[in-house]
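Each structure below appears as structure tokens.
There are two complexes below, and they share subunit A, which is joined by subunit B in the first and by subunit C in the second.
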Partner chain A sequence: MKDISHLLRVAGIFVLVVAGFLVVRHFMVPKSFGEVGHYRADAVDEIRALKQHYSGDAACPACHKGQSQEKAQGGHRGVRCESCHGALQEHVEQPKSVKPGKPKESEMRSFCGRCHEKSLSKPPKFPQQNLKEHNPGIACDQCHPAHKPQ
Partner chain B sequence: MNPINRRQFLKTAALTFLAFAGRALAAPLAAAEKFFHEPPWRRKKPYWGYAVDITKCIGCGRCADACKTENEIPREPFYFRTWVERYILRRSGEVAVDSPNGGIDGYPPPRDPESIAQSFFVPKLCNHCEHSPCEQVCPVGATFKTEDGVVLVDRKYCIGCRYCIQACPYGCRYFHPTLQVADKCTLCYHRIKNGKRPACVENCPTGARMFGDLSDPEGALTKFRESERTQVLKPHMGTEPKLVYKGLDKEVR
Partner chain C sequence: MNDSYLETLRAALAQVSGFIYPNELELQWSILIVLYPYITGLVAGAFILASLERVFNVKSVKPTYRLSLLVALAFLLIAPLPLQVHLGHPERAFEIFMTPNTSSAMAMFGFVYIWYLMVVLLVEIWLDYRREIVLWSKSETFWPKRLFYKLLTFGVDNISPRSLEIDEKIGRALTVIGLPSAVLLHGYVGFIFGSIKANPWWSTPLMPIIFLFSAMASGIAGVLLFYMFLCWLRDEPIDMPCIDTVAKFFLTALIVAFSLEMLETLQTAYEAEEHFDIIALLVEGKLYFSMIFVQILMGSLTPMFLLGLAQLFDLPEKVRKVFYGASAVLSLVGIFAMRWNVVVGGQFFSKSLRGFTTYKMEFAGREGLLSAIVLAILPLFVLAGLLYLLPPWGERAGKESATS
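And now, the complex of A and B:
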């Protein structure tokens, strides 16, 4: 017995170190880590639960039927409502208290020009106008109704 | 019957072993071969992908603007999950690339049109690589690829070492100034899991940005990838992006 006591001491230390490692590991590795892969599975649900700001077009026609139908017939049929009116998830949830914005009359030329100002960087087929020459000072929607532009 | 000598015995035994081992290993090797060469969207459903049609982009920047709103990204420049670059290829051979405020404020028309051979816009965002360098270098497993192919960052677990920002060959990561973690495009994971499209796709007025399920053989994105000639950025890096471009010029990096 005397001959192996030094071995037992080393074995005891080894067991303690492994036990200590397991205890520390238990507290350091977060819950759900490694359930699916080398990551915290709960993180997927956390990211999934983040707040949405843009609603999408599906909600609009329920209240704004006329504008939706009008838009579906014109050149802006592929443009989503929120592209011009801004993020409207809150408006969908509280239609009375949160009102959507729309471009001001005075800012209309620069607002529409963001897409339609003539530039050789744009695809040639896309409708473009040189805003300095094209009826300066007149708001775009005087001739081109925004929901159904000609 | 002739007694066989040692050499003959060993030879016969080795050949018999090889014949059996070859047959036993053939099936698992074929399965492994299939696993590594077959795209993951053949066995996982859904599996999200993205496509950009450069020939349709007008550089309006609605995508980059919508992304900042949807994901609550700080408004000041340099923090972008997606942005639009303008390439100007001059007749002299010079190539100029600019992206003022990520394209959010639009692009004034180029000043010297005579010298320009070609100009176009290139929207950029996370490529959601199949073999993503950012995921591989993360020392704690805070960057990961979900079962549906989206590369995400675990904000609670990221230690902010910025290694992934260095590793991304596409410059698609940045350090979030208020949360103090690495941040990147999530393909609007909170939207797509609720049946909606990413905010940038939702707000693109020309349909230059497309999002869809690669595992759906009838899906619009699959049809687009089959009918159009597309290319990925930096194919030599072996990252296998799930973002493809139509109309990509060789100058685009």
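And now, the complex of A and C:
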């Protein structure tokens, strides 16, 4: 026994480390972890309780009938209102005091360029321009109305 | 999206050739992910060399036994760092232990790592050094060092022949367990790459074996180089029968690793599946220098030629030393290139098999060249510390102090 006492001590340390780990694990792992998957189940309710920022397109036509009809006929019919105007839930809740945003004229070329900058990887029929050469310095909506671009 | 971002995008797109998907523009696995398998490879290789003496009774490599273990430990301690730096949020690393995800090979690796570090390597080194640790804890004059040894004795200073005999037996059993653990440690890295079925450059069941044998070659080369350097530093003669034997195993590992890689390449070329054209373009183009020149010519064929000459002819000692040293350096560079070619090379071509992206390494960023250099050098500092605390040549010193 005397000749293996050092080994017993090391084994004891291992047992302590493993036990310590299990204790730490007990307190560190959130209670709801693993209830419905490899994540904290409570996170779902917490996320649900977060403030909603986006309203979705369905909220717009109630007040903005004209623009909605115009957009539905043009090339931007597949683009969500909030893609250009930003998150609108607050505007839906308080239409008078919170006004929707839109791209500034000075930033419009780079804003539109997100989709319309020329690139080989885009389908050839998709409207795209080399923005360095295409009417430099002029805001896009001077020629292409944003709701029904030509 | 601001204009400067568009400018960066334009500059990056100019480097792209052919057709690639938008998410392939930026390489996600940088030089740090090249460094990571390289370091774990050195660990596994060094440990396998140590096991030659312990498990397979190759007595002539004994002078490198302890050094191999210390090299393995020094590199193992640093091995997770490239991953941590790459991912950011090092505090989250512990979550793989807290809430283990059994379906993730990456997450399970944490357990392989901790098993190998805590159960195999640390205990084996402790058992092997225990006799000296007890002696040093009494004879050491510098108090912090004495305290360190005292703590490592765990309050037991019994070094009776019977207790040392038991240590020896357990140490041997641990090496027997450690050998498959070392294989698992590094085989896993190859397994991760080999199981990415979307990438034809990676997806092969041979990947873990190729990684393993190149790891053995790099680990053996590393220990050989450290041993020769330390002998020179300490002004001690190099044990020639020892390095001759190490060189033999080094050559064997190199031959097997190289043959497997070439077999794999040949098979891919002969099968010539739909992805072969892009792979041929990759090897002839972007990887020409790092693969054909650095990995194959410089890092594999030249060391094999030099080591082969030393085996075939009765060369003088001096020439053999130069050949061994040069082969070790060349193959360490070559195996780094191999990791580069696998990790970065595999991300160069598009999933469309119709285009290439590019990799422009940062210099000072988190995943830049500077970080990689620091992380590559760090294990050497850890090794220096370990050599200071646990000198592998301490056996003799221990015996001397025991008799005095």
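Following the convention adopted for this analysis, the second predicted complex is superposed on the first by the 100 of 150 C-alpha atoms of A that agree within 3 Å, B and C clash if a C-alpha of one lies under 4 Å from a C-alpha of the other, contacts with A are read in each partner's own complex, and residues count from 1 in each chain.
Assume a residue touches a chain if its C-beta (ideal position, glycine included) is under 8 Å from a C-beta of that chain, and two chains touch if they have at least 3 such contacts.
The shown structure was predicted, so the numbers you read here are calculated from the model rather than taken from an experiment.
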Answer with first, second, both or neither: which of subunit B and subunit C does A:Arg80 touch in the superposed model? first
According to the stated criteria, A:Lys51 is in contact with first (subunit B), second (subunit C), both, or neither; which is it? first
For A:Met28, using the defined touch cut-off, is the partner it touches subunit B, subunit C, both, or neither? Pick first, second, both or neither. second
In the superposed arrangement, does A:His38 touch subunit B (first), subunit C (second), both or neither? both
Have a look at where A:Ser121 lands relative to subunit B and subunit C in the superposition and call it first, second, both or neither. both
Determine, under the contact definition given at the top, whether A:Leu16 touches first (subunit B), second (subunit C), both, or neither. neither
Which partner, once the models are overlaid, touches more of subunit A's residues, subunit C or subunit B? B
Where does A:Val98 make contact in the superposed view: on subunit B (first), on subunit C (second), on both, or on neither? neither
Would you tell me the residues on subunit A in contact with subunit B in one complex that are also in contact with subunit C in the other? 33, 38, 113-114, 117, 119-121
Which residues of subunit B touch subunit A in the complex? 55-62, 66, 69-72, 86, 88, 106-107, 109-110, 113, 116, 119-121, 141-147, 152, 154-157, 186, 189-191, 193-194, 196-197, 199, 202-207
State the interface residues of subunit A toward subunit B in the complex, per the touch definition above. 30, 33, 36-40, 43-44, 46-54, 56-57, 76, 78-80, 82-83, 86-87, 113-115, 117-123, 126
For the complex, which residues does subunit A have touching subunit C? 2-7, 9-10, 13-14, 17, 21, 25, 28-29, 33-34, 38, 110-111, 113-114, 117, 119-121
Which bits of subunit C are touching subunit A when the two form their complex? 1-3, 6, 13, 19-22, 97-99, 101, 118, 123, 126, 130, 153-156, 158, 160, 162-163, 166-167, 170
